[in-house]
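Chain lettering (A, B, C and D) follows the sequence in which the chains are written, and residue indices restart at 1 in each chain.
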Amino acid sequence: MDAPLLAIRDLHLTMSSFDGEAHVLNGIELTVRRGEIWGLVGESGCGKSLTGLSISRLLPSPPARYLRGEIRFEGRDMLKLPISAVVALRGKKIGMIFQDPTTNLNPAYRIGEQLVDVALAAASHDPTILDCPPRAGRRERKRAARRLAAAMLDRVGIPNPEARLDNYPHEFSGGMRQRVLIAMALIGRPDLLIADEPTTALDVSVQAQILKLLKGTVADHDIGVILITHNLGVVAQTCTNVAVMYAGNIVESGPVAEVIERPAHPYTRALMAAIPTKETRRGALQGLGGTVPNLIAPPPGCRFAPRCPLTIPACTRALPPAVDIGAGHTAACIRVEEERAAVHA
Amino acid sequence: MPEPILVIDNVSKVYPGRRGMFGRSAEVQALKGISIAVDRGESFGLVGESGSGKTTLTRSILHLEQPTSGRILFEGRDLATLSGAELRRLRARVQIVFQDPYASLNPRMTVQDIVTEPMVVHQDVLGLGGRQRTERAAELLSLVGLGPQHLRRYPHEFSGGQRQRICIARALASGPELLLLDEPTSALDVSVQAQVLNLLCDLQDRLGLTYFFISHDLAVVRYLCSRVALIYRGELVEEGETGRIFDAPETEYAQMLIGAMPEVSVPR
Amino acid sequence: MTDLAHEPAPAAESGGSDRLRRALFRFRQSRLSVIGAVIVGIVLFFTIFGTFLAPYPDQVAGAVDTAARFQPPSAAHPFGTNELGQDVLSLVMAGTTVSVLAGFGVVLIGTVIGTLVGAVAGFAGGWTDEALMRFTDLTLTIPSLILAMAIAAALGPGFVNMVIAISLSWWPGYARLVRGEVLAAREETYVTAARAIGASPRRILFRHILPNVVSPIIVKMSLDMGFAILTVAGLGFIGIGVRPPTPEWGTLLSLSRSYMPDYWWTAMAPGMAMFLAVFGFNLLGDGLRDVLDPKARR
Amino acid sequence: MLYFTVRRILLLIPVIIGLTIIMFAIARLLPGDPVALAAGPNATQAEIDALAQQFGLDQPVWSQYLRYVGGLMHGDFGTSLLTRRPVAADIAAYLPATLELVFAAMFLAVALGIPLGLLTAVWRNRWPDYVSQVFAIGAISMPRFFLGLLLQLCFAMWLMWLPLGGQLPIIMIPPPRVTGFLLVDSLLAGDTQVFRSALAHLAMPAVAMSLSPLATIMRMMRASTIEVMQQDYVTTARALGLPKRKILFKCVARNAISATLTVIGLYFGWLLGGTVLVETVFDWPGLGLYATKAIVSQDMMPVIGVALVIGLLFVFANLVIDLLYGVINPKVRYS
């Protein structure tokens, strides 16, 4: 197997606030290879967005502080690189898409100009993107960037791309804006795409189209994707792999079919039981009591223990390590083996 | 056959174009001849995407807006013909829970003030004294899974799920028969959403409420509602029993919408 | 339903005091607003006791000492004496009362009128709103200083007339602010909820809208105190408003103009007093805004 | 756009009517006897009555008002009781000096305030930011007339670098009047000596006037820059690797300036109406000084005229600002 695109190892992050320092990422482990779509799933406040932002070092520091761990992107540790080197990777090697397509485009500029700016910034590190002679002048490069922008709009399925370049963001619908943002994220030909809740603000029908577009992009360009979402359904329909996060930990991860069909961690199971499916009978939905723990003084041991139906005294002694349960499927629960044995018996 | 509790009869709503800085925008037809009947005790789901006219319809039922044409009848009586006093009495019987639990509670009022407010407003109908109101507020809080110890607190001290429970308690305070639920769980995490949905089921069984459930989340509607109506751009596209609609949608729009539902199962 | 029981109670023991604690913390964090509060404290102290603490109280009342004209600053007269031989320090100390009380009166009257107009306009909407706001905008287009000067001149000199004159040019800012806030509050979901309950317009206005509009008004009041003091002094400087012998900073400054540059000290104390008082109120208002009006946080 | 402009200009008519009504009400309904004041301390009652009759002040208020508005249509702003000269001529004589002062102050405030605001936002919470914040609050708190006195004391009386006041020394012959702006007219006439002198005279009053708007524009610009820097689209721009310089000057500056524009428009009116104090200190022959003299003698026609002209200029300035706003912010054009 070739070297992974992205390898996050034992990442610890704290954020300071009025109340104290919150331990928001507590030993994240994640490996993304080309061709994979990783779903990073969990409820609000579990640290999934922070993980995404950490990869391209977008968190301001302070309040953010990395205690230990590494984020290796194509072998280089992003946390040790000088910030200028990280900026050079943004947009060029790592593309990002965020949740709200209405606020993520600059309202004061035509979208063509915004796309051209990103393309030119990426081209300053890799001139081949623009597909024009290396000694080309400014105007020629700009024209090439504009051609590229139109081609990108076409690729993300925006009809009549040439003319649309001269439109302002508010002249597009929500779904179309998200397509523009995807085009913008892909224009520098990144190897890794981080999509943070890209469809949460969209209607279901548009969501399906955008997810299809993402899947197609991975197939066409052999890139790796991290899809951050709170919606397990989106993960099931789109991703190849999934990592379930709870209170700053990845509690379970593996191929999507494995995790969805044989969830091993009690939190994953609780999450799935809370989603109404076709078979759920009225009144049979299972909520999850309690709330996400306070991360300034997190509970000892397993952070899910206070809400877990299977808690035993040993759970609160130490943070449970991720246990490999075959087929690349891991779960961070000390009772996972006996649970599985019980299910199979 | 018993009379439906709520009848929406061929309701249309047109917003005149707004005058902007550089001209006038076109008028917007938010609702185009919608007709729906909701039976007593049932859960009726109204599904639509953004811009479908859900919000306008909800506001019209609450009589916060007047439809351009058509009638809205509650227990057979046209809202438009009611006098001010009658309308106020009606408000005690039709209540609403909004989507955003953070915005729908007045930050300057205690939970007690919030929950007792409908009782104060409808003093003439309910006839509760100060102490009785506090007692009833405590009862209502217990009913929605909170407790009397929360009465003196302010909304900002509660989580989203707890706030939504307070909203439900407030909605129940005047003893309504019809509850409009305007996406009550879409701002909540799934685990909390499940709790609130369970609470709603439980309350309906206990109190015999009628739900008019507005949502864009098909899975939630399928779970909670017995009948569903789909609206698209102000028009009623399809209506029927929940099972029938989800298993065999007739219109193209319904098929597309249900096909786009992200189910938590791995596609084969 | 059983799984709800152990949803934890809110963390803070008592939310109100916790909020206050945080607010105080935020306020104290900005050293500048603390300095502002201290200056304002001193200014208010002189507002009340200035006349009594003045070293030459009889001169505050109008006594002159022609033998001691234009003495430069000395131990006996830290800011020197003026053309009538009066102790400048005493006059400035006593002048605090006039300036601060006038400023406060202006802000208070302006707030009351403005809030009334703005709240009615924003809440009633429609024709009432249109009429009131057109009138407000119209008043705003008249240069406020000239308007105040014209009214003050027509009413004649005197403390109360001056306060009234400035107030009448002061309220439109509050009307605009309050109307905007009321309009915004009116769209809040909790107001819709109150309407759905059947609450009366009065109840909605007084229980739901106004309490949520108070913070920005207080912030504007504290920021406006400084400007009101400046305007009062400006009128005095031009010679409209309070007349000597009532000590007033602007008047004192304007009198000293004729004796520049030889007797420059007669101008320094009133000018610096004005500057410091306004500076204090502005620093304090800035800090208050950070605490009370997080929306407008800079 | 054209439709909008025309509509806004037509809206000036009710503004004129409203302004005249308010000013008339103040002039006529408040106590005070301007005629007696104008006739002088030794005038007999008969002389006073004759004067009142001459100026039509014996008529009912509404008929005075109608006559005044009728005159306005012919550009007649009435006659000053004190100088017995037509107000329109006086305003035409004094307005350019005031405008010159206001434009100079506004230029200083905008040219320094916007870049300083942008810079302090970038240096947020570092010492240059703190220093400039204190400076800004201090500048806003400084009474213009006291600042003017200090400047005079320092640069005119002690250092003697700059003239004490006025617009031009009496011995200098002003250039032929073309625009009314001394700086422009002297350049047009090619008279560099007058130009330099005019500039020297303008320097101190312009600085005294500009300090407060400069500080406010700087603070506003800083605040809106900080706000814009927290917008999602700036995060996206950062995440997609746009260089920092480009983010600041392109994405941020444009959006931040459009928020600051409103303040600039408001300050234009504030400056126009606030020249009174600075003109008094520097003996600047402008509208403010003219209005002050009229107010002190309760000569109301000039006061109404000045208020009307300044009010209209203010409304006009805001129209320009709104149009600029539409140019900078494309969304406004359509919604």
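As a convention for this text, a residue touches a chain if its C-beta (ideal position, glycine included) is under 8 Å from a C-beta of that chain, and two chains touch if they have at least 3 such contacts.
Note that the structure is a prediction, hence the values are computed from the model and not measured.
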Using mean Cα positions, find the chain sitting nearest the overall protein centre. C
Sorted by contact pairs, first entry is C-D
So the centre of each chain is just the mean of its C-alpha atoms; given that, what is the distance between chain A and chain D in Å? 54
CA centroid of chain A to CA centroid of chain B, Å: 34
Take the average of all CA coordinates in chain C, do the same for chain D, and state the distance between these two points in whole angstrom. 23
Spell out, as numbers or ranges, the residues of chain B touching 2 or more other chains. 159, 195, 198, 202
Identify all positions of chain C at which a residue touches two or more other chains, and write them in rising order. 3-5, 7, 11
Shared interface positions of chain A, touching two or more other chains: 286-289, 291
Can you check the complex and tell me which residues of chain B touch chain A? 49-50, 159, 189-195, 197-198, 201-202, 205, 216, 218-220, 222-224, 246, 256-257, 259-267
Spell out the part of chain A that touches chain B in their complex, as residue ranges. 43-44, 174, 203-205, 207-208, 211, 230-234, 236-237, 256-257, 260-261, 270-278, 280, 282-283, 285-289, 291
Residues of chain C that touch chain B when the two form their complex: 1, 3-5, 7, 9-12, 15-16, 19, 188-190, 192-200, 203, 207-208, 211-212
List the residues on chain A that touch chain D in their complex, please. 56, 58, 87-92, 95-96, 98, 100, 103-109, 117-118, 121-122, 124-125, 168, 170-171, 181, 184-185, 188
Parts of chain D lying in touch with chain C, wherever the complex brings them together: 14-15, 18-19, 22-23, 26-27, 30-32, 133-134, 137-138, 140-146, 149-150, 152-153, 157-158, 219, 222-223, 226, 269, 272-274, 276-277, 280-281, 291-292, 295-296, 298, 300, 303, 306-307, 310-312, 314-315
